[in-house]
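Below is one structure. I have some questions about it.
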């Protein structure tokens, strides 16, 4: 399948808009889309939503013979999976140009910056060591895959716990997760990437570009940084873009301050996850399966774009009311078989015209806690970071 | 004339037969094709069997090797089945890596194996968590004319019964394996699951042991695997629907076939020089 | 390293139990290189399988057509324990548009079944199989009237079920029979055979352990020759010689091989004749039916 | 509550989760979470093109590692099921591309994926001749039938695990797949149980669709 | 081989030329085209040679590495060939186009080097069963102007001739763990005995005659021919028919004879030239600048 081509006028609109410091989705040039991080029941499963871009990463580990060149180290293997699910022009099983680029960048950012302490993964020098494998599944491609992928990978790695091992002489005993508490990986620092789309010959840089912007931009500037404002990756790609070093520097500044917040946020959501687990009855990704109505706040373009944080909260609450998670669980949680069901089948019947009354009935005024909190969080980021960075960019670019 | 009708409207052509409760190859609806089985004819394999169900011909050859067992299942041996459909077995198959059909078949067999339905994998263990046998069972289709799974399962079972390996023992203090190739042994407790495939048509007609073109025309296939009297596998990948009554009917049919096949295998594999070890 | 995700992979570190017999292997090998003749044939000039040196194994269970009912033509032969089956498809259109040619084309695939040899073989075609496929193709191209089916392709698939020496020779015979049964126009049948050269001795149609092994015996006057011979046109379609030997010896070997082929020709032709008769009779019956 | 017999675990779904796919759904059944997407009808590759009906390409993506033979098995099961429920002959010479991504293993992945695919197809608006609901049940060591088992129950080991799929018209069996070994009577009981259970899922489909459209009105 | 299109007239012209023993480039049937050969021009390979036979351009590099010997041949080293038909030789080689040819050549190399009296692999052994030298011979076909077989073999032979194997000492330390120590002096090296390494002669049959060293044009005139590998001591180490045509036994035999004679000559001259080059050592390397 080919990707649907981008019309010239679409492209022009984007470019023109950027010239005037406007973006199609109403963000300022140095503003990110709403980011939300969720974790699965298995250790090392992390899903990242960056606006509509959705990426899931899963970490797994296995005992292998270490490389002879690095006999006292474990191994880290990063693999990006793209399928038609993410976009029509991706092909399952075959990474295209784009896929390889993403894969390589994630590797550079996470593997080559040696943020995982590999030596702690060695069990027996030259004989046995853990190979940690990160599978990154791109689920929906709405631009800026790289940032989403790295964030997901990092999140997964932070979340991951490997089974404990003890040595009995020469032979290794691997304890199942239920025998002994699993051990988390030792993470030395938290590198992330932040990408800018470069417009009008690299004079304007746009943070966290959407697919539309990516496709109409002249080039891309990817920065890998950690929370200590240290640069670990930098790549400028694109055909014939020149970018001033001031611009790069300003981008670096923006990126750095963002990175700090992102890592902060990641840590928070990790903490929340831990708390949730502590409560027991942990359902992992099930929580991130939102109800149709909730989607208006978490997903639907209309709300995310043309933002103004203040409203959003209200919007949220308003929309929140009708149906709620708790409600759902009741209305078909544990359904016993006695429930009489008269599902008359056949497509036509399924599409009975919706009765608003149904929706009204369902009203029950207790909005989902978890969700609301999540949204707030994001908004905070939206606010405080905004002024300074915008200022930064403008000052440097004009 | 008949051939023209067949090529132009295969389904109608076929339906006319079904209406008369018969089939182009002269079988009645629930009649199975003639099965022939020949065990142990391949010298280079440790165990082998050649099965023909009608035209469908499968060769199963087993190569046994030694390996340290998996960490998580130290007391189990391994059986690695692979169904191969080489380009020579049908005009519908291109040369190259195995296609969907082959892989689905492989997976089907693998599930039987992993659920200890073919044999208890623990009997393949030589020394717990040190050494065990790994049996590479390659099912090679020479002629693909429908009911692939039936023939595969049959061939695999027969080949396993025919398997003869040197007695290998593990020497504790020297920590190595010792054996002499001469004295051979077979394996005990190889079960005899039997798969019977049926095709179904929209109008609820069921036919057993379909040929390739019958499978193409039919609206769905169903493969029932039985071991003794208990169902081990009712494999029905999609296709048109079935109700309990039909399922029952098929069960009875496959029970009949099971008996026959078991007898056949017994006959084919009885005159074997090697006595099973305990 | 690319893993084959389309097949079930066994553990990498498994090894054949035959390796447990290391010592014996070495002895054998030593003996082989020391005095091969003693091993292969006793003092009374008789080979392990009771053949005299200039004797070939009989062609048996030759089954033409029917063995692969799906194919246009097919054949199965056993030469001693070397068993192989061949299926012929086409003429059909060429898959790749790029390799267009006005003449017909042959596509040959030569494959050893995983269990067909002493050592377990991989599933993908390895280098040896590729080369054998090439040789097969070149030999058959000489025999088939390619100009008879322009722009089309005939596929010849050979599968070795058990390999007990001279597989290529057997494959040539088998393939040409299959082609004939598929009624592909040919100038002549290709009959394959191979000869094993030992110092001052020639063995016709060697078995696996009589065959010349590059790893084992590489002293002088040790070689293997495989030819594909077209008896009625008296032409050589395939000629593969491996190992060291003098020109004169080669001449000898060639002579022996061709003689054998001429001997076999009537047998093979008989097999074909029967098939043709059978098919004809069937057809006439069908005629009656309609 | 999850191990409780004779009950289906909580069902949840979010339709059109993916902005690019024509139809997509994130479906959860207990702790099992599966995402499915549908693209189509698209133009088919020449070698895949079918003159009389639509070609269905189905990819099942495991969470860890590359898809292997096991996944191909699942793909075949789901694909053939789709072949039955989609009115493929309405779109000849086209292709539909369905992708299933396992997100969280709560025990019954196969059943969940089939249900997810069904919802995704509903969401995409492709013409279907009926819906399909899949239910897994498990016969444990003590010959007790556990409906819709959760991961722990599965890990404890079982005599047999069967997955059935039924159509929404006559509740006949479309798909059946089982691992392990059971006497026929038990097998039959299991089948009937699952058949009953399937009604609940159809019920859920209905509500899901209802909710989707009511939301669009709001 | 690289396909070129010839009109019937051109073919006829070449045919007649061959008949009158006067080929288009003025050669007789048994003449070679001029050969340019240089060894040791790849500084970071243990041995290398670049050979240019008219327009056929071959670069061979040999790398020497330590490895453990194969279990069935504990007291011998290994030779490993890899042929790469680069796409800038001819457009057909693009992608996987060259693979078949590469395979054929590679296999033929292996087979003709397999026999013991061409190369003594025991020379390469260091510690029986534990350590040995492995020679990785990488052949790069840069341009093909016909007769690749001959060119390749000559190049390989020269490269192996030029190969310098560092001398290594085995010091048995206390206990049973022997230590290998490489001598510090980089010039302290030994050369292989390449006297008997085979050269190949390709004979193409055109009309009733056959000729050596065919140009691409001649190659596509001829339907069949043979390649003969001849070792230094005039022994034939491998033969294989090429092309899709067939040959009459008698002509084949005579071709074999001629082949072995020519081969011996080629071998001799090559050795002489190599020696000459060796003696005028330390002269300026010419490299590709010509």
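Points to keep in mind about this one:
First chain written, first letter: the chains are A, B, C, D and E, and each begins at residue 1.
The rule we apply is simple: a residue touches a chain if its C-beta (ideal position, glycine included) is under 8 Å from a C-beta of that chain, and two chains touch if they have at least 3 such contacts.
Just so you know, these numbers come straight off a predicted model, no measurement behind them.
Traced through touching neighbours, the fewest hops from subunit A to subunit C number 2. Considering every other chain in turn, none proves to be in contact with both subunit A and subunit E. In terms of Cα centroid distance from the overall Cα mean, chain B ranks first.
By number of C-beta pairs in contact, the leading pair of chains is A-D. Once the centre of each chain is set as its mean CA position, subunit A and subunit D turn out to be 27 Å apart. Note: centroid distance subunit A to subunit B, computed from Cα atoms, is 46 Å.
Among the residues of subunit D, those touching two or more other chains are numbered 66-67, 69, 72, 167.
Residue positions of subunit A in touch with at least two other chains are not found.
Contact between chains, as defined at the top, is found for A-D, B-C, B-D, C-D, C-E. Subunit D contributes residues 1, 4, 6-21, 24, 26-28, 30-31, 33, 35, 37, 39, 42-43, 57, 59, 61, 63-67, 97, 99, 101, 103-106, 122, 127-131, 167-169, 196-197, 199-200, 202-207, 209-218 to its touches with subunit A in the complex. On the side of subunit B, the complex with subunit C involves touching residues 1-2, 42-45, 48, 55, 57, 59, 61-68, 70, 78, 80-82, 84, 86-91, 94-95, 97-98, 103, 106, 110, 134, 136, 138, 140, 142-145, 165-166, 168, 177-181, 212.
The residues of subunit D lying in touch with subunit B in their complex are 69-70, 72-73, 75-84, 160, 162, 165-167, 170, 172-184, 187-188, 191-192.
Within the complex, the subunit C residues that touch subunit E are 19, 25, 29, 127-128, 130-131, 134-135, 137-138, 141-143, 214-215, 218-220, 222-223, 230, 233-247, 250-251, 254-255, 258.
Residue ranges on subunit A touching subunit D, taken from their complex, read 1, 40-42, 45, 47, 52, 54, 56, 58, 60, 81, 83-88, 92-93, 133, 135, 137, 139-142, 283-286, 288-293, 295-296, 299, 301, 319, 322-323, 328-329, 331-337, 339, 341, 343, 345-347, 350-356, 358-359.
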